[in-house]
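Note that chain A is present in both complexes that follow, paired respectively with chain B and with chain C.
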Partner chain A sequence: MRALAILLLTAMPLQADEVWVTNEKDDTVSVIDIETLEVTRTLEVGQRPRGITFSKDYSRLYICASDSDAVQVMDPITGKILHELPSGEDPEQFVLHPDDTHLYIANEDDAITTVVDTKTRRVIAQIDVGIEPEGMAVSPDGKIAITTSETTNMAHWINTETQEIYANTLVDQRPRHAEFAKNGTELWVSAEIGGTISIFDVASQAETAKINFAIKGVHQDRIQPVGFRLNADNTRAFVALGPSNHIAVVDAQTYEVLEYILVGRRVWHMAFNADETKLFTTNGISGDVTVIDTTTLKALKSIKVGRYPWGAAFRPTTQ
Partner chain B sequence: MITKTLMIACAISILAAPMFANPLRVKIGYIHSPPEVAPTLSNLDAPAPTQGLDGVQLALDENNTTGKFLNQSYELIELDKTNPDTNGIDVIVLNMSKSDMLAFANDAGNADKILFNANLDNADLRDDKCAANLFHTLPSIAMRADALAQFGLKKKWAKWALITGPKPADREMSDALQNAARKFGINIVSQKDWTFDSDMRRNAAGEVPLFTQSFKKHDLVVIADPTNDFARYVQYNTWVPRPVAGGAGIKPVTWARSIEQYGAVQLQNRFREIAGRQMTSVDYAAWAAVRSIGEAVTRTKSTSPETIRAYMLSDEFALAGFKGRSLSYRKWNGQLRQPIALAHHDAVVAMAPLDGFLHQRNELDTLGLDKSESTCTAFEGK
Partner chain C sequence: MNAALIAMLAIIRREMLRFVGQRSRFLAALVRPLVWLVVFAAGFRAALGLSIMPPYQTYITYEVYIIPGLCGMIQLFNGMQSSLSLVYDQEMGSMRLLLTSPLPRWWLLFSKLVAGVCVSLLQVYAFLIIAALFGITFPVFGYFLILPFLILSGLMLGALGMLLSSTIKQLENFAGVMNFVIFPMFFMSTALYPLWKMAESSQILSTICAWNPFSHAVELIRFALYGQVNMIALSVVVATFVVFMWASVIGYDPARGMMRKKAR
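Right, the complex of A and B next:
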């Protein structure tokens, strides 16, 4: 056992934590070392990779290979694809249930949410949702899964015990991303064309607040909220505003926008580092990742990755 | 069998959702009577006989998918042009000739209906011949001409040689291009009418260089030939090497197979799946009409034509049209404002409005008849 550990240590150079980015138009994943802020590896994956997430212990990477109609499972140390999971057609985005086993996958072309057991590698449910499902979220207690559908303009509330929809709420045009906040009492949904984030009370599914965005010198039509993340203590949210090329920093308590940070072109999704001092945003059109200092709210660097970077996921390498 | 039962059970549980108890049934009429297409020298791109209808069908499917979560359903009623039974149908999408459309829109029995023009780009239908009940989801020729002028200016290809074809539609496009040139400061340095009546497929290489030899120094050859009857033979046959735009080369278009950004791939895929062909501009306009109704009914939870109309003309209305901006209707003439693609056969080169063309209200209103320019008064106070 000890010999093995030593062997592993000597086999691998000392590594810093990483951010993994899917390149939608290159069929690759770029691995960024967050100390040097350089790309250290570029790994071949299936076609049109978009959603990306790690298992809870970071030993497995899940990738939505949309045009391969599969979720690929990769060993992040070797960079090898271990196997594929049945995912339904055109998986775009997914979320891993807190049980570390069930993946909830949005099948964009099929108007379906597929639930896959990552251990048995079987589909355990398919749920009819609206057209172009995309945003996926699971409540921290694991009881509720959310799918947002872009053309139907809804958030669908799924009971994870029965795998059935129990409520549907209308949101603004082209909902893109959903996140639970504040211990699962709030649901946030971004609407790309509506230009808003709607906040729902989870218990009643009633809309309680709406965040609007305005950037001086940028037309309202270009301000299109897509991906967003809240920090761990839920004091702040960082919102990617698509073709306006800005990240909005939102006070998650008052829902006021505090700051807009200029990043690369068509900013889409993002990931924090371990202590949330840095934020890495994927910029689709400019093909790079912007690193933001979350204290000063300044962009530090752009890192060139592949074509159309889409999703981002953090991976710690030090325990 | 098991999955089917499961799906039905699923559907029932959705319908049982207490929030949306009131069932809404919406009948959408469609009149498919596309005008005769003038013959072209080459018949490579003959319009599909179901152009328009397939767009309606796709949007209807989308409305019904949304509707199943809200207890709404949408039904397509195909109407006969000569004797349409429009009883109980408040919304009708039209794909017909200009004279038929004007007669239909001005028929007293249709005054309170919501009609959509899905196939005609004539400027006057949005201007002095506008009708209060007639919305336009297809962009006007003026919107498309303005898009090309913006592109010319942006590229600094601001000296144009203009060739105008002999057909009435060619003249209308030529007028629109000249208006656009005036509006944006494009200099039309030379103009010629296309007068050949021979088959250019055989002698373009001989005739076109001579025809274009007399043009003054120009950056772009712009051809008013919306059906691409002869424009395709001008391209690569000009006296001096110049890009061609308008009827061939770079075209300002409502929709093209090469529009893939802004989630458009999904729409293109869905369309190809039901129609077995590429989506055209008329399909797109028909789709946008039916989706507009779906959007208005979903948001207002009403099927009353007055409520739908008021909502469509309000600031709240927004249609996600897969063109990167939210689409809405102009309050002064019922035109759906939308970006125009500048595309050649294989790729989109630019989307208008281009960066830098600003407007006090909405950049999309830099394309086509703006409020102060339109003489349409029918919409006011309705």
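Right, the complex of A and C next:
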């Protein structure tokens, strides 16, 4: 009996972890096997999919289908859309609260941040923010949510208990992405046109540092920071520099840029694998995902996906 | 030891001594590709554009792209220089001494080629080390794997030089070889631009590049640097080496070849 069980187990195909990528122009999601570094599935989703994230247990995938004006919920195993969540108009980016229930969604066209309960599927709050909200972040303790507005050039600090803005801070031009760092004591905000990342002290909302970028042979106007990720121990940050086609590697302690890595054209967002040894960047114009070895800081391979890949999310298959 | 081998080793030793004695030649052999790498590659970095093509798995900078081409350039110049020194040997009389040996002529000529390749290997590896100091590196196994292919491409380019040297009367004609052989071969190849880039500006140029044996030597080195063998390039390099070698053996045959014409 035991031998049979072992035989059955070994006969089963080994499933590797995956990276899921939204293709903005194809209305699809590409699934990349991170062992073979190949696309294994391409799934149809709503119109203009952009933001993408998994529930805590990875049993649900949330997709911002911007032109369908909905957040779609997918079963990642079957690839079927289970239902849609009311999201307000033109949802672009979102972030899942640590409670695994509340989604904070930036509605780009309406200058609103919508808070949706994923269990009851109801909108529980709509918060007026600046024009063209995009970047979304929630502090690790879940007490603060951040929305950045691209045209107002502000980071809006939202108290998640009252669902009200309690502070606004000016950032450089066209803020696109926000992330909390160092156990929620720091907030990082990227500015696409400003070409910088500003770092704020969360307690005082005061700016404490600013990171600038310069790549040899690339015009400064093309260096446009958008998405970025910090590794788990917060020693390094990887910053997508848009049409400069490079990822910057930043020392998250000294805020110095350590390296620039050449990737595909117009890089915007990224996802790590489980042990953060690999980073997958979405390159919109070249329609591919570049895989970076985060130890050697070298690009390993670029994988063709759909047209205009936008967001990326990691999904472990062995938990 | 076999007499043939002793002769080959003697010829290699002579070539090495000559190379070591000419320190400026070594310096020139290194400076030439380095100027291309530092000045030319920096200027054209943005102009190349981006595209993934085998053997590359992802996007690369122009500096990375032209390294195999510059290795090829070192071998091209060295092959020509080493074989053209045969013209000097002819003028000085040491060639006559060599050819009076009882060993077959083709062996002597082949030994001369091997000697030239040994010199070019030193130059290529020295260049790769300097490139690595500039931060342009390749997979470690690539540095080892290119060795047999560098030998092959070196032999092919040396054989071409030897064929040309059999038709040249005086050393002064080297300038003609520069203008009509080395430069066209180098510029109309995949050393500086990939074929797709050439095709964008001219289809004829792209076709010439695709047929140029030097392109195949460069591609052979390029693929080997990433642990791959480009079979088409390998076949072309081997075939052209055989043809050039055969033609130069005939060229150096006093009874049939160009030597007789030259003597007139």
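What we mean here is this: the second predicted complex is superposed on the first by the 306 of 319 C-alpha atoms of A that agree within 3 Å, B and C clash if a C-alpha of one lies under 4 Å from a C-alpha of the other, contacts with A are read in each partner's own complex, and residues count from 1 in each chain.
The rule is short, and it goes like this: a contact is a pair of C-beta atoms (placed from the backbone, for glycine too) under 8 Å apart; a residue touches a chain by one contact, two chains touch by 3 or more.
Bear in mind the structure is a predicted one, so any value in this text is a computation, not a measurement.
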Per the contact definition in the header, classify A:127: touching chain B only (first), chain C only (second), both, or neither.
first
Across chain A, the partner (chain B or chain C) reaching more residues is B
What is the contact status of A:243 with respect to chain B (first) and chain C (second): first, second, both, or neither? first
Contact-wise, after the overlay, does A:257 reach chain B, chain C, both or neither (first, second, both, neither)?
neither
**Prompt:** Counting only touches as set out at the top, which of chain B and chain C does A:77 meet: first, second, both, neither?
**Reply:** neither
Could you say whether A:290 touches chain B, chain C, both of them, or neither, answering first, second, both or neither? second
*asked:* Under the stated touch criterion, which partner chain does A:16 make contact with: chain B (first), chain C (second), both, or neither?
replied: neither
(Q) In the overlaid three-chain picture, which partner chain does A:181 touch, first (chain B) or second (chain C), both, or neither? (A) neither
Have a look at where A:265 lands relative to chain B and chain C in the superposition and call it first, second, both or neither. second
According to the stated criteria, A:109 is in contact with first (chain B), second (chain C), both, or neither; which is it? first
The intersection of the chain A residues contacting chain B with those contacting chain C is none
Per the touch rule above, chain C residues touching chain A in the complex are 42, 45-46, 50, 52, 57-61
Given the complex, residues on chain A that touch chain B span 108-109, 111, 127-128, 130-132, 150-154, 156, 164-170, 172-174, 192-195, 219, 221-222, 243
Within the complex, chain A is touched by chain B residues 7, 10-11, 13-14, 17, 19-20, 62, 65-66, 68-70, 263, 266, 269-270, 298-299, 318-320, 324-326, 362-364
Per the touch rule, the chain A residues reaching chain C in their complex are 217-218, 245, 262-265, 286, 288, 290-291, 299-302
